[in-house]
């Protein structure tokens, strides 16, 4: 499953004339997020997969021998002939994507940034660092200015994308916050299996079951939106002061986090106002033309049966966040559900869009080989 | 799967000496709830299944030929030799349980009440009738006084139990309401397939999916608790004034509704206070000895992984409601999850407990044959 | 999910220069197979959806209002603006695809053939008719000669494709039969939910379960291969004399029938011989260039973990049949598993390929409007 | 879920007057099979759980802290207060059950047998040892004589039960082999998740999927029945010469292996003959009275929809093997499906029945403390 928009990149993004292509490395290339990077980057107009880095167990093997490939399409040909390297090996690339496990991400991402490489990370380790942008291009592109406060040598830096559930919440809350000022968010998630990595959740735990606990998830969901929705003052992010409560559940769904959200505004808004904001929110003009940007950042369903993880997660190639079931709330102001493809918009696809923004803004360049 | 407590009824409930047994009829005997009545009543110390009533399609057949039996234990022997009758047939029974579909419940339940029979109903049709008790024995046994306001001839009357999700909410909210006064309830449900009846939800709709919409469910969940938690004044129920918001989802789980709840109190309460209330709530003394009453009405889990539908729905034979994941809420006061076995405590088991209370209070008696 | 090969149809099938496009109607347009027709025909180089025919419940509605759309991509734009018609309405089309239920297919398909329309049917009703080709283009294109024995007026005729499980068996057995002569086939199927249509299998029946019975399926699987693998003598199909035993099971999988097969040959063959036959079987040259023909008709996996329904059904856009786990059999000669996408190669995609063959052979032409 | 028959053991098995109870240890107490031992032995009339042995990770913890408990009933009280020991600790017990992983079973089971303890093992390691009985009490109780050929000191010995799938095949094949002589068995399994242990199969691998490969399983299924159905000649087992072919699949079912079987006989038999054999097979008289023996060893379903894993695995408390869908086979003689509860009859329950047989035959006695 590819990001649909890429196919037409030559026609719809003609204004991008890239003098040359960028070679990237993928850290944690055999994991769920690493695999999704490879799937999504197949045929990318700017980026080519130059290096695959994984743990010792995989080093020295051809990629197909090192991975339990979960895609429905075969492994892209170029990647299937690439040998997996270790993090300590010399790498030929212009930047790296990190799909590393948090247990090793601090050390390894620091190591790559120290080598002067841009690190576009999906790991949680640096998300709360005040010098590291926690970035969704449509939400807080101005946070990129934090990079200048990082002190890695040779132009290395780290940019992170949020936790997958946070993405589902913030992408739907951002337009509302802009319009009415969000005061409180009451959140219950129903999260997909792929969010837990591989092998992740045991089938014996989740078959015909719901797990009302995901370690560390509620904490992330109550913290990350405050940074994402914060404003930049004097090159620092002033965290938003929204009250957030999050209850996180795991459900037997492969991809797509469905999230119940109730919201309280600082300003009064009618149901039509809220619908209008959902319908009319546009991606910033310097984002909409990026190769992985979906035509529609946010899609509001009127059909009460929608959105559903198994049917609507892939909208906009997995980069569109869907909302639906919008109604007045008996306790706060309004409530709705939000759906995000957790490994595309909520992980690998989000990181790729971040890298594209960084290229377009000149933060990532070609390095001499 | 039986209500465990029934097995030991002779030893643990010795104080009940029933002069004779009660013959009951089951309306809608081939449906999901009807089947659960039959399972749970197998070996019941007071009640014996005398009549099975179902739709024309089933009439005249032996029960096993009329039903798609979903139990893991075989059909009880006595029932398997019973021929299904139509509602218009003359019946030999002291009262009836109704697991009827709402499309026919108004007419048929009225018809049986008109014949002077007590009707213990799981259908929604009469739940909001001001003269009909909407009853959970541990929650509002005093609402039985409404029966005297019903005007069916020959001692007929109707008593209902709530919607299955409502039961999960109200059983956990009741102790809190008694202790601190509940002001608001923010609810997100993850409901099991058996709640939709048979054939109910298409496998193509729910396989690896979550459905964010259950027709009519949110409305029930926002209304029924107000009656259940209301107080009786001058033989009328004064509805509670709790603010309620409910978002209802269907998940691929067979039995057991898991519910995320955030609650706001009128009075201040510490986390320890709330834990104490959950741990120390006792069933009323005239309920605890009923055959289907569980030892524990409410069970608080400390383990953050609990409760889970597939593992804990059958606690107390399916009659105990579980709560867990209790924490302070960033928006309201506290939040937790509640788990209810939707076809036992939330439907057939709840109705049986209602019937037991009615027998113990003298509302149901033996009728001359 | 589209048939991948279509995208490139202009480049890879350049030899096809179609003077004009063909307008087709879809009978049973709202069903599972009807929906798949619409998905697969979106962007088809030869065919355009001109008419949608469905049951009275849908007639007069715009298609999106009439259907429970199950695709992960939105309804194609042209189709979403089409109003559903009834079978008796005058139609503007050159031929029809039938995804009708067997309860109405005999009458309605006869009616359309009587009007002089080619009927390309997925229904079972005419499959065993000795004048009707039961067609898989790569297996028995010579069976098209049967059409001349049909006596519908004005050039109307009926061509059918086999049952979805039959396709999985016959596509893998055909190369073996050509090479070694198949004497016996011992078959156990594990069939996907979409094969039962919508709403089809109740979630309560299949959640965490396997159903060892699919009504009528074993009979089809023991009969249809005999016709498909039969040879044409004097414009009649001489049925093959292979012994077949089929046990059919339903499993909780959305798409993709996985089939265990043991085979006995008339001639001796080594394991390498069998592998070679699987690897080297080529589609006939007049089939390989059809728009919906996959690059590879049959794909042999060496990896013992493959093929799996959820991961490999979409190979070749759902038109490639996969085989794997090939080993000597302790009872017959060899055994392996076969995987077929039941609603693409096994239904709508197979019918579309049939129509393409019929166009290329001149059986379908443009009709005056 | 308990073995139902145990509850009534005092009434139905009154002839067993046990002078004292037997203390047993459970090796691998925290695994899937170890947990099932604990569930099934709760309230056992002869055996009491004295020692729990598990890996270093668990040693020194109370059992509830060491285990991810998967049962729907709570951990039995006595066990919940037991501290987990290591294999090297001194143990107070009369025999041990082994639910050990095969990677450690050879060493640890040898160690316990060397200490003079009877080891009743579910592991595969000693199954093919010519001095070790591979035992199903109803099938080959005469194989117990092999024990005398074991040379462990102080009366130690090892008895094994077969692989879970083998049990499903052999329990249904045994009556047929006795009656008509089985010549060949063609087998396709659809195996439950609990057969792979915990955490076992990743949910990402099996959600909505079937896996056509279970490492080592086909080999076991083609070998073990030959020993089980072999006859004892001069205190040695002469292996049966049945031809067997097995194809093993994993399906998303929690408990219960469903198996398609085709069988060829040496003697001619009508369908009625085969039905009669299935219906009339009786457990040996010295087995039927054992506490864990089900009333019915084999149950033949006439209903074509049966047996199903989710609904019928627990028949006879999980100790009855079900067969159904019996029909003439187009390739061999007859075919049917067999269903076995893989962790009860196919593992822990089978081992318990083995231990009961060993007690009743005097092989296990009380040891001085």
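We call the chains A, B, C and D, going by the order they appear; numbering starts again at 1 in every chain.
Basically, contacts are C-beta pairs under 8 Å (C-beta built on N, C-alpha and C of every residue); 3 or more make two chains touch, one makes a residue touch a chain.
Owing to the predicted nature of the structure, the values given are computational and were not obtained by experimental measurement.
Centroid distances from chain C, each centroid being the mean of CA atoms, peak for B. By number of C-beta pairs in contact, C-D leads over the other of C-D and A-C. Mean C-alpha positions place chain A and chain D at a centre distance of 48 Å. Each chain gets a centre from the mean of its Cα atoms; for chain A and chain C, those two points are 39 Å apart. Put simply, the C-alpha centre of chain C and that of chain D have 43 angstrom between them.
Contact of a single residue of chain A with at least two other chains is seen at positions 70, 207-208, 252-254, 310-311. Interface residues of chain D, counted against chain B in their complex, comprise 70-74, 207-208, 310-315.
Listed in rising order, the residues of chain B touching chain A in the complex are 184-186, 188, 190, 207-213, 222, 243-247, 249, 251-254, 258, 260, 262, 264, 304-311, 324-325, 329-332, 335, 337. Within the complex, the chain B residues that touch chain C are 32, 68, 70, 193-194, 198-208, 252-254.
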